[in-house]
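Next come two complexes, and both contain chain A; in the first it sits with chain B, in the second with chain C.
What follows is the complex of A and B.
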């Protein structure tokens, strides 16, 4: 077998092994790359920054454990940003599996803030600074229902408290009191929010999506129906960069950490494609 | 009757589902609110019971008949039972009536979810990267003009998606973003219109009883 033939027939086990190495090595020996935020991410950041005190940011945690490495850092970054700016946050889940992930992100980020808080006002308190509404069956029920009355859709929060008795909920009644709703999803739930919440109630929508799903949402960015978007690990890393540079919050940045592995993996895949094409063209020339 | 009743139900609920978006009258809107907040929630709760019942029946049957890989069905059934008990009585973060820790060893539902479900799910999904890398190596060949165009676009978007590109070619991430924002969006939008029209036509056929495949037969 000639070298050109070998280039077109690399055993998949070697490709797998190399991919494993290029992903593992940057995890063991990390090198941090600072991503440059793209306009959709900056727009999302600015939209959250501009939320007035009487309105809330709603985060819909719509992903499951399979996409957790890609999407969970986005939830962390959004919560850090919102809590640092003292924005009111409402959290819900369209996906049942999102409940545990939302709870994890909330407890981690609130602990980060509360461990350094010196006064009661600085602390992040359930019911005052955020409400975790939990999950409601059938996506259309919460998406449309929140346009009329959030407390009716979620009579009790995730922890069993009566929603309408919570201090934050005195002012947050429905979508009129929501400045921005960010759906973080590995699937199609942002579409439902765009179709029903944005179109019917005019609520502004932000999206956090996996890289493979991101292209589906670009038409809505162009039309103005989506205010901003984080796409994939890169989007999460860009948001983390903004949180670091503009707010000075130095919590663990999982998406930025993972970007080194992703960079190495992308370069490796590109290299295999180049090698395959070199072999292909060399063989074709020989045949001619 | 077996056919007519479901068809009638679909006709009524199908039309009723669309009406609130077209008629703002308060009678329609109130009825829609009630339907969504009460009826849909009850149906959703029943579907959960149906789903759990179906999965138990399926795997019990597999175990009883000792079908291929029946041992895994035991794993599923036991896991379902244990996590259900812990989830129902252990509370969130182990603050329920059921004790969910032995010393420093915690097994509340949140810990089980974060320490077991999340790594398992993420591992399954990450395996895709290996298949994708092998598939990209085998299939991405510049065999024609279209294939070359696809290859070049993939290269630009892939390289533009990593921070390194901004250090080496500062304009590349913006060019990658332009590809996603303009040509890709144009194609997506065209596809979106087609899919929406197709969906509308299929929905109308189902509502009007022309398409009856969902009944489980053609008659």
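What follows is the complex of A and C.
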């Protein structure tokens, strides 16, 4: 058997084993990378920066633990940005399993801010600075209902408080008071927000998507239906970079930490594709 | 290495799922079935406590929103599927959901996915205020026309249709390539997530 034939017949388990090593070694011994933010990520960052005080940022945590490594860093980064700029934040989930993740991100980030806060005004307080509305049956009930009355869709928040009694909700009634809605999703929920919330109520939509779904959303950036987007772990790392460089917030940056492994894995996969193709074409030429 | 038993459980299950990469085995099967069972159990209890109790059972039990009983009965017709003699009743909730869903979705869907997308391909004088934008708008317009022409099967591919549809294939292939690249990134991200968990939370090798 020639080397070219061997190349095309490598047992896939050896490729998996190599991939495991290629991903694992940079996790243990990472190399420094500074992701360069791309325009869709910068646009999202700028849109959040520009939210006026009387309006809110809404984050829809629409993912489950299976896509946590890709999407959870985005939620952290968005919350850090919003809280650092004292933007009001409303959080909801239309994925059932997103509740625990949203709660985890909220408690981690609020603890980060509150541990260094010196005054009551500096602190991040539930009901004043953010409201965690909880979960509602997807997609039509919450998405269309919030256009009329958010408190009606979520009569009580995640913690059991009556939503309409919370101070932040005195001014945040419906989509008219929402400057930007970011759907961080492992599936197609950003489409629902574009189709129902934006088409009917004109809400600006941001997207945090898994890399698999990213190409589906790019046409919506071009048409202006999506204001900004983070795609996959790389998008999360770019946003983390903006939060670090523009706001100086040094919380744990999980997506950036993973970029060394991402880069190594991509190089390895590119190498296997090139070698496989060389083997294929060399064999074909020999057969001719 | 951690002493937390739940992290041990999680790590062992992760390794069980990874064992499929070597070959199908009973350890993997156990983990897979456990996952499906727990997911279903979680969803059912969650819907009971977070949906049915606060939005249906509690208000009705307090004599409020009694009209919800009618809605609940119609919803319960879904279960009539299991009784052959009256299984036709299942058509009622399906018809309501389909009717409402179609009515709510079709006009908005057409607007969001077709009208707005078509509008984005229209080139006007203002498109060329930025040369960069202008060039890419032409590429997008040409790509849309070429790709659509590839899916035009009502006429034989000859004349202008032939080179246009072949160019459409190039655009489609570039799209597939981009999707593949992103898919690699997605799958590697998940592997990184699990390996980080094993190395940090379970083994304590990294911090």
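Methods note: the second predicted complex is superposed on the first by the 288 of 288 C-alpha atoms of A that agree within 3 Å, B and C clash if a C-alpha of one lies under 4 Å from a C-alpha of the other, contacts with A are read in each partner's own complex, and residues count from 1 in each chain.
In this section, a contact is a pair of C-beta atoms (placed from the backbone, for glycine too) under 8 Å apart; a residue touches a chain by one contact, two chains touch by 3 or more.
Because the structure is predicted, anything quoted here is derived from the model rather than measured.
Peer 1: Would you mind checking which one, chain B or chain C, touches more residues on chain A?
Peer 2: Larger number of chain A residues touched: B.
Peer 1: With both complexes overlaid on chain A, does A:277 touch chain B (first), chain C (second), both or neither?
Peer 2: first
Peer 1: Using the touch definition from the top, say if A:208 reaches chain B (first), chain C (second), both or neither.
Peer 2: neither
Peer 1: Between chain B and chain C, whom does A:38 touch in the aligned arrangement: first, second, both, or neither?
Peer 2: First partner only.
Peer 1: Answer with first, second, both or neither: which of chain B and chain C does A:258 touch in the superposed model?
Peer 2: Touch status of A:258: second partner only.
Peer 1: Please indicate which partner A:148 is in contact with in the superposed arrangement: first for chain B, second for chain C, both, or neither.
Peer 2: first
Peer 1: If we overlay the two complexes on their shared chain A, which of chain B and chain C does A:28 touch? Say first, second, both or neither.
Peer 2: Only chain C; A:28 stays clear of chain B.
Peer 1: Using the touch definition from the top, say if A:156 reaches chain B (first), chain C (second), both or neither.
Peer 2: In the superposition, A:156 touches chain C alone.
Peer 1: I'd like to know which partner A:90 touches here: chain B for first, chain C for second, both or neither.
Peer 2: The answer is neither, since A:90 touches no partner chain.
Peer 1: Name the contact category of A:135: first (chain B only), second (chain C only), both, or neither.
Peer 2: Once the two structures are laid over each other on A, A:135 reaches chain C alone.
Peer 1: Let me check the overlay on chain A: which residues of chain A are in contact with chain B and also with chain C?
Peer 2: 16, 19-20, 23, 66-69, 97, 137, 140, 144, 200, 211, 214-215, 219, 222, 232, 234, 262, 265-266, 269
Peer 1: Under the definition above, what is the set of chain B residues touching chain A in their complex?
Peer 2: 21, 33, 36-37, 40-41, 43-45, 47-48, 92-93, 109-110, 113-114, 117-122, 124-126, 129-130, 132-134, 136-138, 140-143, 151, 155, 158-159, 161-164, 166-167, 173-174, 177, 180-181, 184-185, 188-189, 192
Peer 1: Quick one: which bits of chain A touch chain B in the complex? Just the residue numbers, please.
Peer 2: Contact set of chain A toward chain B: 10, 12, 15-16, 19-20, 23, 33-36, 38-40, 64-69, 97, 100-101, 103-104, 107, 136-138, 140-141, 144-145, 148, 152-153, 158-159, 200, 211, 214-216, 218-219, 221-222, 232, 234, 237, 259, 262-263, 265-270, 272-273, 275-277, 280-281.
Peer 1: Report the residues of chain C in contact with chain A in the complex, numbered from low to high.
Peer 2: Listed in rising order, the residues of chain C that touch chain A are 21-22, 42-43, 46-47, 50-51, 54, 100-101, 104-105, 108-109, 111-113, 116-117, 119-120, 140, 175, 178-179, 182-186, 188-196, 199, 205-206.
Peer 1: Applying the document's contact rule, which stretches of chain A touch chain C when the two form their complex?
Peer 2: 13, 16, 19-20, 23-24, 27-28, 66-70, 96-97, 134-135, 137, 140, 144, 156, 191, 194-196, 198-200, 210-212, 214-215, 219, 222-225, 231-234, 254, 258, 261-262, 265-266, 269
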